[in-house]
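Once you scroll down, you'll see the structures, which are given as structure tokens.
Next come two complexes built around chain A: one with chain B, the other with chain C.
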Partner chain A sequence: MKKGLVALLVVCLVAVALIPGCQPGPEGTIKIGVIGPMTFVQGEQHWMGATMAADEINEAGGIVVGNVTMPIELVQIDSNEMLSVPDAATAMEKAVTVDKVDFLVGGFRTEAVLAMQDTAMDHQKIFLGCGSASKEQCVRVAEDYDKYKYWFRITPINDNLLVMDSFLILDTVISVVKDELGIEEVKIALLMEKAEVGDLIVSACEHLIPAMGEDLELVGTWRPSPTATDVTAELSAIKNSGAHIIMTYFSGPVGIVYAKQWGELEIPAASAGINVEAQKMGFWDATGGKGNYETTLNQYARIEQTDKTIPFFDKFVAETGEFPTYTAGTYDALYILKDAIERAGTLDSDAVVIELENTEYFGSAGRIVFTSTETGNPHDLMWGPEYVTGIGTQWQDGELLCIWPPVDGSWNGLVYEGTVAYKVPPWVIDYWEAK
Partner chain B sequence: MRDYAWRLSKNFQGEILAVPGKAIAFFFLLFLFFVPVIISNPYILRILIFASIFAIYAASWDFLSGFTGQVNFGHAVFFGVGAYATALLNLKLGLPPAATIPLGALVAVLTGLIVGIPALRLRGHYLALVTLAFPIILTGIVLAFPNFTGGELGLYGISPLSDSRVLIYYIALIVMIASVLIMWKLTDAKSTFVRTGVILHAIREDEITARASGINTTKYKLLAFCVSGFFAGIAGGLSAHFLQIAGPSNLTLFFSFQPIIWTIFGGIATIYGPVTGVYILYPLMEILRGVIPQLRMLIFALILIVVLLFMPQGITTWFRDKIEVECPRCKLTNVATRQYCRACNAPLHLEQRLEQR
Partner chain C sequence: MFANILINGAITAGIYALLALGFSLIFGVAKIINLAHTAFYMLAAYFIFTFAYFLGLSAPLSATASIIITTAIGVGTYKLVIERIREHETAVLMITIALALVFQESILLAFGSHFRSAPSFISGHVELLGVTVSIQHILTFGVVLVCLLGIWMLLSKTKLGIAIRAVAQDREIANLVGINVGTMCLITMAIAVALAAVAGAMVAPLWTIQPHMWMRPLVMVLAVVVLGGLGSLKGSFVAAFILGYTVTLVVFLFPTISFIKEAIALTIMVAVLLIRPEGLFGVAFEEERL
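What follows is the complex of A and B.
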């Protein structure tokens, strides 16, 4: 009997110790939950960006709330959103009700972010999105402002604008290809993985490319799986189609496969578009250098988008051994939140929302201003030469360099210091010169 | 009336309290009914709501695969169809959850027929592979018609089951208990009420003999697909209204394998086994999220391996065998600590039987 009671006691003690959130946090801190798929690179970057910002803010004393200075305490929350949407919503609820976070940053996969957004809004917690590009989250703010006003997008620009940037990069590549190859009419092939954003870009390309000029011809569309391990069939077909440019969209590992095989087979077409894998430092090694000249839409490169970009970029690389990608935008999110809290002088969500709406912050990725409540997608990022633009980057001999906005200033006169000219791969030039 | 109450009380004592497994289940359900009185934390209630929903889902897999041997590796198709149908009925026609969930489940029954008819021609590995294909096909359909299905984003803005978390908890709990009881009764081989239990058992053990005995096995296997689809559809509908989103993540391979893990962990071909599996494993994963989030999948896998190594019949069956013993003479279930049967007084353990001789 005695043994049974002791066993019961041990079980109870272990259970109490294991119940999450039983350990109280330090008094007088501002708890910020960093929520994301922490076992994936996107979540790791959420955490790295937020940690860097929190350390800097705390070293400088913390956040001034009225008359009190409070340090930031970060809480890491693994949403497991890549595998389970219910898990993501539950993680959000835990963050709010058990970990008692004051604010939240992060989120990546759109379907999960929509569910997490609902949970955060139910608890009237400010949630700064740093991963999902879907416009829908901001459309919800317009449709039901009182419920969804606590949502703001920090990174990336929304999916419509991502498409717009892709076209602007394509336009730059077209003009360079025309000059370098000495051709008047340019043939374009679409190679885009089967995914929502891919569908959107394909649909836009099919409508817009013919409208961009009579000198442009769309020669075909190829849609491999995001996890395809071989795209030689598609590349051979593109070569046979006579395309001068391949417009890409890859968010998955097929991006590495594509770039490697494109370089190995020396497909005579320049590459431009979105390749998420090419945004990472490991891309060069993963492709064995065959991904040279691969081009992708990006958020960060070592250029002066603002005076904060290069210090942030260098520090991030030094501390993590990785290039920052857009989910590392949690870095800017924490500073934006700090400024809004200090202006509001309180941690009250409603007061901080009003100050967030008045944000004008020069962050690591540009000047951040939110769209107004009168637009159809409030609390989204303003985009344009005076705001956040996104950038085009190209791998050139082992370095990821900015190639858009173009170095000649042909896009609204905007040139970020450190930008270089787009390079057409030499084998493409050789092939078309020999023809 | 008094006589009826007296008889009910006697039955309760004899059928529930005297059988340890049933007594534990009864007190656990009683505890679940009082949880919102003790705990008001919405996070804990959310975990238990999902546990109720997933308990229906896992039991529905056990109903089909555990009892008829029709191994289904694509059970997410029923859950997903239930969730999508519920979401569409709510968003497009404005129907309330009380109508959308059962109607969504009926659509899942139709899916059960569509899946079941070709699947009946196959057995074993071939059947498993074919069932695996159905969620992939449905995912393809979902992505092919994004304007109707919401594509990758899924359908969102679904009306909630209720504004009160406590009420949602009770809805999920009551639906779970009712669903599990129905499935349990339908599979009870000793039942004098319905014959399906003994027939499904017969089909699983030896289909040819069952057919030779005059049982239309095709009809009963199809029935199993439909019943399983119905309850998985109910779970999908509840999930869609609770999460307020129905998306392609409901159709992933991971989601198809989850009920299999819960069922094998809890005890296959029992109905209550998967329920136990869900109520242990789902909260356990949440506890691990709070303690060691990065390693929780690894620890989860280790626990599963250890349990399956030492309790291959599942934790419920292992535990039941420890606390219960069946009388060799009258087949009545007794507490394992009893020496003699509570009804016929026959010796329950081998040693006593040898002693008596």
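What follows is the complex of A and C.
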């Protein structure tokens, strides 16, 4: 019996030793872990963006580290973070201790990213975030620099700035709605899923909209669940409220339900805000075309944010059949990492962190510069006309087009080539003209 | 606002009733608590999506093919798995929830987690008492009424229905008078799954198709059948309206907490059950069942 157990133990040890994931990578490669919810779109885009960048860098020879040129070896790590935060922390632990990755990119859900951030920092591994908007991760860098300095955010802009962008897009929509409907006073309804960022935006709206001018009135706030399957009652109540604009925040599948029912019922209010599902190519089919005129804050459209945007956008669509969304920012993350490693001339995390802090990179979605260690949220993205701005996009007859920064240049004179004017849905105009 | 609540509540109730009908039927007859019921509804929705988008079939044709295939899968599942453990209620619970997860993961594997949509039978909307309602919603409500009427006719006016009711009342006696209990349970399962598939066909164009779409409706279906009284079709219908109107009232009266509309509906269910544990139309003792 004992011999049998010993033999079984030996077999197990040999098997573990032979599992490919437990082996160090081919000598001379840089192992980069791409961590995300791989069975969900967000993780798929993490992987697609990273794969594109790694292929390009490897085709060009690899990353020059001192006197050696090393190719990138990507390791896909499924965090399962949509369903389980503990799974995400475990996946990160495995990536570092078993897969022995040198660097990490990815992450999506804030709670999971906070857990994964802790694990990566404990092992002094550089983790470039490409999904979570929470400012908290960068506040941690300020509070305990020595521990958290290995964290940098590549995408998206932080939640405070997302709110800022949402208001700027709303401002554009308000002015177009006023012109098109011939009204002076605009009524706004909030329809925002119950989520952390949603709470932040609702709170900001309730304070800021009344302060934006006497011509604006907040007529009500509706808070469906992120997984609600039907919002017809909410839409019906909003129609009753006499709202001209619905300001939205949807990160989950309710965004598709909303857009579909908003278009199907021809609710007489223009829609503006954040609808993550509306950033995806599949949105048009998923709403059966009823999502026409849906507007959302976004990161990518086929416009010239930099000279890299359109080539990246076109190549991404050609290779994956999807529009890039913000988790595809792993593409820029790999190039930023490559530049920092080459400047440092070593893979040593501390040396690379110093070079990452000096990053100035024209990426696919703008000029990336990190906030300094003097700020309350170091290693975050700088935002503004000269940096990353975020964009507003609207579905217009099957195409996802950029509508903010506005085409008239009224926001700091910035206009991205390819931007069009925001369109008020025709049924909204018809309804209010008939009133 | 009254008209809004009246119409939106009825529509929500109709969807709940359609989903709960089959669940209630199979429990009433075979005493099977089929937790995979809404997973069949999810399968039907995916079949419609597949037929409509990959094969280019029209919405009615896709729905018909989907209902037939889903029913066949339901019957196969019953014969292969559920029938063997039918007498063990806990095992049935575990097996059916496991089946639901197997269906979910298979769909996840085949289609990924992307959100999909099925085509409407009729698109557009109409004004009812000043309330904007999509025609697909009205159609769904009509189908609920037709299904309910059809089931009532089947159970009360046909020999098959009388045999099903006999099995529901007392299996042993039904067996003694020559009714094949196993066959009756199989037929009831087929009808129940077909009803779930009809629900999938009607609701899929209204909602979003995704691998986890069966979970949330399952909670409401359980609430409806428990509140109405397990196995009571009349009870399910009434309970669907109580819960449907409750969630609608929450949206209209307390919009800032509309995300807990279903939790409030479930709280009402709990409150009713504390007063009447057998549900509104349930029976405390089998002898009471008529």
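Keep in mind that, in the parts below, the second predicted complex is superposed on the first by the 413 of 435 C-alpha atoms of A that agree within 3 Å, B and C clash if a C-alpha of one lies under 4 Å from a C-alpha of the other, contacts with A are read in each partner's own complex, and residues count from 1 in each chain.
Keep this in mind: a contact is a pair of C-beta atoms (placed from the backbone, for glycine too) under 8 Å apart; a residue touches a chain by one contact, two chains touch by 3 or more.
Source: prediction; values computed, not measured.
Participant: With both complexes superposed on chain A, which partner does A:Thr39 reach: first (chain B), second (chain C), both or neither?
Facilitator: both
Participant: Check whether A:Gly220 is in contact with chain B, with chain C, with both or with neither, and answer first, second, both or neither.
Facilitator: So A:Gly220 only meets chain C here.
Participant: Determine, under the contact definition given at the top, whether A:Ser134 touches first (chain B), second (chain C), both, or neither.
Facilitator: First partner only.
Participant: Mind working out whether A:Leu114 is in touch with chain B, chain C, both or neither, as first, second, both or neither?
Facilitator: first
Participant: Could you tell me if A:Thr97 is touching chain B, chain C, both of them or neither one (first, second, both, neither)?
Facilitator: Touch partner of A:Thr97: chain B, not chain C.
Participant: Touching A:Ala228 in the superposition: chain B (first), chain C (second), both, neither?
Facilitator: A:Ala228: touches chain C, not chain B.
Participant: Between chain B and chain C, whom does A:Ser236 touch in the aligned arrangement: first, second, both, or neither?
Facilitator: Second partner only.
Participant: So, does A:Ile354 touch the first partner chain B, the second partner chain C, both, or neither?
Facilitator: Once the two structures are laid over each other on A, A:Ile354 reaches no partner at all.
Participant: Mind working out whether A:Val64 is in touch with chain B, chain C, both or neither, as first, second, both or neither?
Facilitator: neither
Participant: Share the list of chain A residues that count as touching for chain B in one structure and for chain C in the other.
Facilitator: Of chain A, residues 39, 194 contact chain B in one complex and chain C in the other.
Participant: Taking the touch rule as given, give the residues of chain A at its contact with chain B in the complex, in rising order.
Facilitator: It comes out as residues 18-21, 38-39, 76-78, 80, 83-86, 89-91, 93-94, 96-98, 110-112, 114-115, 118, 134, 136, 140, 194-196, 199.
Participant: Going by the contact rule at the top, pick out the chain B residues touching chain A in the complex.
Facilitator: Chain B residues touching chain A: 41-43, 46-47, 50, 143, 146, 151-154, 156-157, 239, 243-245, 247-250, 252, 254-255, 286-287, 289-291, 293-294, 296-297.
Participant: Note which residues of chain C are touching chain A in the complex, please.
Facilitator: So the residues of chain C in touch with chain A come to 1, 4, 8, 11-12, 15, 53, 108, 112-117, 119-120, 123-125, 131-134, 136-137, 205-208, 210, 213, 216-217, 247-248, 251-252, 255-260, 262.
Participant: Show me the residue ranges of chain A that touch chain C in the complex, using the header's touch definition.
Facilitator: The contact residues of chain A facing chain C are 39-41, 44, 193-194, 220-225, 227-230, 232-234, 236-237, 239-240, 253, 256-257, 260-261, 264-267, 277, 282, 285-288.
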